[in-house]
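Consider the two complexes below, in which chain A is the common component and chain B and chain C are the respective partners.
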Partner chain A sequence: MASKTFSAAMGVILPVLFGVAIVVLWEHQAFHRLLNVKVLQLPLPSRILSVLLENTGKIIPDAVITLRTAVLGLLIGSSIGFLVAIIATFFPRWGYGGLTVLSAFNAIPVVALSPIMNVWFSSPSVAKTAVVSIVCMVAMSVNAFRGLNDLKPFSLDLMKSYASGMGPVFLKLRLPNSVPYIFTGIRINVASAMIGAIVSEYFSSASNGLGFGIRNKLSTGQFPLGWAYIIGASAIGILLYMIVVTFEGLATKHRSN
Partner chain B sequence: MGKVKSFFKSGRFVSLVWIIGIVLAWEIAAFFIADVFHDRMMNSKLPYLHSIIGTIVGNFALLSMACATTLSRAIIGFAAGALVGFALAIFMSLFRPIEKISYPYLLLSQMVPILGLAPVVISIVHKVQIGSVTIAASDITRVIIAAYITFFPVATNMLSGLKSVDADKLSLMFTYAARKPTVYAKLMLPFSVPYLFSGLKIAAPLAVTASILVDSLGAAGGIGYNMTYSLYTGTYSIFWASVLCSAAMGILGYYAMVLFEQLFMPWKRGSSKKGGR
Partner chain C sequence: MKGLRNALVAAIALAALIGFAGCSGKAAAKAPAELEPLTIHLKWLPQSQFMGYYVADAKGYYKDEGLKVTITPCDGTIAPEQGVSTKTADIGVTWVPTLLTYQAQGYDFIEVAQIFQKSGLLLISKKAAGIDSGAKIKKTTKVGNWGLGNEYEIKALLQKNGLPTKYTNQDFTMNAFDKGDIDLASAMTYNEYGLVINKYTGALGYGAENVNVIDMNAEGVAMMEDCLFVSKEWLADPKNEAKLVKFLRASLKGWKDACADTNAAADIVMKAGSSISLEHQQFMAAQVKKLVDPDAVPIGTLDEAKLAQTLDLTKKYAELSDSNATAKLQALTLADLYTDKYLKLAIAAK
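Showing the complex of A and B:
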């Protein structure tokens, strides 16, 4: 028992020590010497922190914009993806083939998508949301399809023996079965939504959002502020992920596995 | 099993029909934009697919040069990242403390927008000198970011493969008094190959994306540069041709990994249920 708690404690202590060591080495310019970089280009952690605290008034509005794009796009894209999965479930032969073709679209780089959306939509915020929606569509449709169709053995036969039609089978068997898979899809999508939002802000004509902040500050030589923006982006990514994991825990609590 | 085979055939057929359908939908949509609504922005919004392919053929030298620049850096970065990720996963499974130290960071880094770091690497790599051979800063940046983005999915998937080896099989190896290298060579590594490939399949399009992103953010060549430059100058035919090329490269990266997977694991052909973490 004691060894178990010790091992669990080490699981926390070791990574924290590692993180602290990195920050200390960084602060004492070990990486600067190693990479032959000037402090100007790679700001020290203490400086980044103080700049971050000084500029919260600037960073938070940008963070809100990025967060709005990411969450809205995530919701739209995931809903469409889920809808596609439902359609594919009702028309398995053609739907499944469509899904495999659709998943090839997943390999299209965000960088290529973003300029197209900028041409299609005159409003920059709509264009950005569209990029995120498209990026989020595929992972959700593939995962949801798996959840709607990887059923427990014989459960479908049981439903058939009850003489239940397509509708009840869907509502009472497939839909509940798909819940954990949907959360897997959302978890994957949180990361891709953040990347999609930030990359589309690199290319957007609107000069706001964390992505714009990162690119603008770094290219104009305001390195500490640029790094502060990166910290902001990371914080949002982690926050979103944790929210999803919390909801996942609540929604799947009653499941044994 | 004849049923499975015929399904496989019909699956291919279905995909083919879908692809033809998408091409047709594209052409019809372009037709409506151009000849029904008479949209003057047609060339920028959605040109005919056949005219884009015409542009690709017409500017083949330019585009293939750009693709070669982007793709070669992506491949180098991908190979480096995959190698490091593979090695770290093995180290993590060999030495528990290393796993304990790095695993939280692996998870954390998946939640952090990696491509957000591209401008940082660009800003740092700028001034670094590299020996007597001059390698452009943008090339190093492309390789670094492609490697970085490849590294995580490969490491996490490989590790989860190494960790999900059956305890029974491990104890069997133990009863044979097998040494660590033998256990890894004969059991652990072959077992985790499918997991490795699911990581590689995730990473391949990402590496291409990373390379293209660096092109368009600060390099003086590559397909991403063509894309932003042609947008800037309003030559939409080149823009759409570049977009099509970059999409093709991403898809190519994915299917190259599928092909490798089939070469390395011919027994797995057809069933692709086994996923990552």
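Showing the complex of A and C:
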């Protein structure tokens, strides 16, 4: 028992120590010597922190804008992806092929998608949300399709032996079965949504959001502030991921496997 | 055992081969190395804005000075300041307020020549909007700018008129102006303004009579734009000092020729590779000549009064959001900004 708590504690302590070591080495310019860069080009953590604290009033509103784009796009894209998966389930003959075609969307890089959406939608926030939605569609549809179709052996036969129609099979078997898969899709999409939102801000005509901040600060040589924005982006990415993992834990708690 | 010996022999042979290749490579490189390499990083794509350097190169003025000059255009991703700071370029072309904000961050840059004597930045609007001066800009007017260090004059104008300094991010076309997404668009006299008023291919053909113009020079917020800068670390080497003087001498000659015949200069720029039409290059060359103003002052003149105004305006209006950098910016003097030592040497030795 004692050894179990010990190893559990180490599981927390070791990563924290590793993180602290990186920050300490960074602060003492170990990476600067290793990569031969100047402090100007890679600001020290203490400096980034002080600039971050000085500018919370600017970074937080930008973070809210980015978060809104990411979450809204994530919800819209995931919903569309889920709908596509349902359609593909009901029409299995061409549904799976359709999904494969849809996955081709995943091959379009965000840097290409973003300028295209800017032309399609005159409102910058709609264009950004559209980019995130498209990026989030595929992972959800593929995962949800698997969840709706990778059923336990004989469970479909059992339902058939009860003479249940497509509706009850869907509601009582397929949908509950898909829950963990849906969360996997959302977890993948959290990362994609943040990337999509930040990159589309690089191309957007709206001069706001964390992505715009990062681009503008880095290209005018304001590296400490640029890094402060990067930390803001990482923080909300982690926050979003933690929220999803928490919900996933709640939703799949009763499952034994 | 035998395998190990074979490996050893192979390693020695390989080492000898590399050593040999290294020597012969050096020898081969040494033969034509009479020209000294030098790289200039432009602020933007190859266009008549930088015609002086292209003309100096095409006419062999750099070669006459014993230089082999590489002209690196900028596509908006790597700024000239970053090129000079990472030593991928020796000399950079940038705007003075941008240079000042870099100096405030602690970069050891120094200006060595001022190519443009006036501000070329305009804010333009459709005639119907009725905005022909800074005082007529309203809180609801959508003002566009490219950002990335090009926004300081616009911010100064807005603040001077008691307006918020928020601007709409403008891309590098004038579509947003044409569609009406931007009421008051940033435009360089020599580039975007031409693309709006002129009638040649690729331009919108509005005609000058249908466009209102706000001129930064007339509004009293003019900051000096295209200038040449280097890093002090690079200058610490006397060899680089000598190279800089040679470069300036040849470049001033190139600018003089370019201004004397702007159409010929546009042709030379076209040959260097261009994303825009010859007509537009010619328009640009003629407009750029007005900014270089070769009839009024010697080309490259570092005008103390104009640079002092730029420094004052930058101190007053540039937001750096970083207390250390802000303090440093406020402490900057003209002596920190520029030196006319090399320009004087280049002119004297003519």
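Here, the second predicted complex is superposed on the first by the 257 of 257 C-alpha atoms of A that agree within 3 Å, B and C clash if a C-alpha of one lies under 4 Å from a C-alpha of the other, contacts with A are read in each partner's own complex, and residues count from 1 in each chain.
Note that in this section a residue touches a chain if its C-beta (ideal position, glycine included) is under 8 Å from a C-beta of that chain, and two chains touch if they have at least 3 such contacts.
All values derive from a computational prediction rather than experimental measurement.
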Which of chain B and chain C A:122 touches, first, second, both or neither: second
Contacts of A:219 with chain B and chain C, given as first, second, both or neither: both
Touched chain A residues, chain B compared with chain C: B
Chain B versus chain C as contact partner of A:207, first or second or both or neither: second
Contacts of A:198 with chain B and chain C, given as first, second, both or neither: first
Chain B versus chain C as contact partner of A:36, first or second or both or neither: first
First (chain B), second (chain C), both or neither touched by A:61: neither
Partner chain(s) touched by A:51 [first = chain B, second = chain C, both, neither]: second
Interface residues of chain A shared between complexes with chain B and chain C: 38, 41, 203, 215, 219, 223
Contact footprint of chain A on chain C as seen in their complex: 79, 81-82, 85-86, 98, 101-102, 105-107, 147-149, 166-171, 176, 179, 181, 320-325
Residue ranges of chain A touching chain B (in the complex, touch as defined): 10-11, 14-15, 17-19, 35-38, 41-42, 93-94, 96-98, 100-101, 104, 106-112, 115-116, 119-120, 190-191, 194-195, 198-199, 202-203, 210-211, 214-215, 218-219, 223, 226-227, 230, 233-234, 237-238, 240-241
List of chain A residues in touch with chain C within their complex: 38, 40-41, 47, 51, 54-55, 58, 122, 203-207, 212, 215-216, 219-225
Residue ranges of chain B touching chain A (in the complex, touch as defined): 10-11, 14-15, 17-19, 22, 41, 44-45, 97, 100-105, 108, 110-117, 119-120, 122-124, 126-129, 204-205, 208-209, 212-213, 216-217, 224, 227-228, 231, 236, 239, 242-243, 246-247, 249-251, 253-254
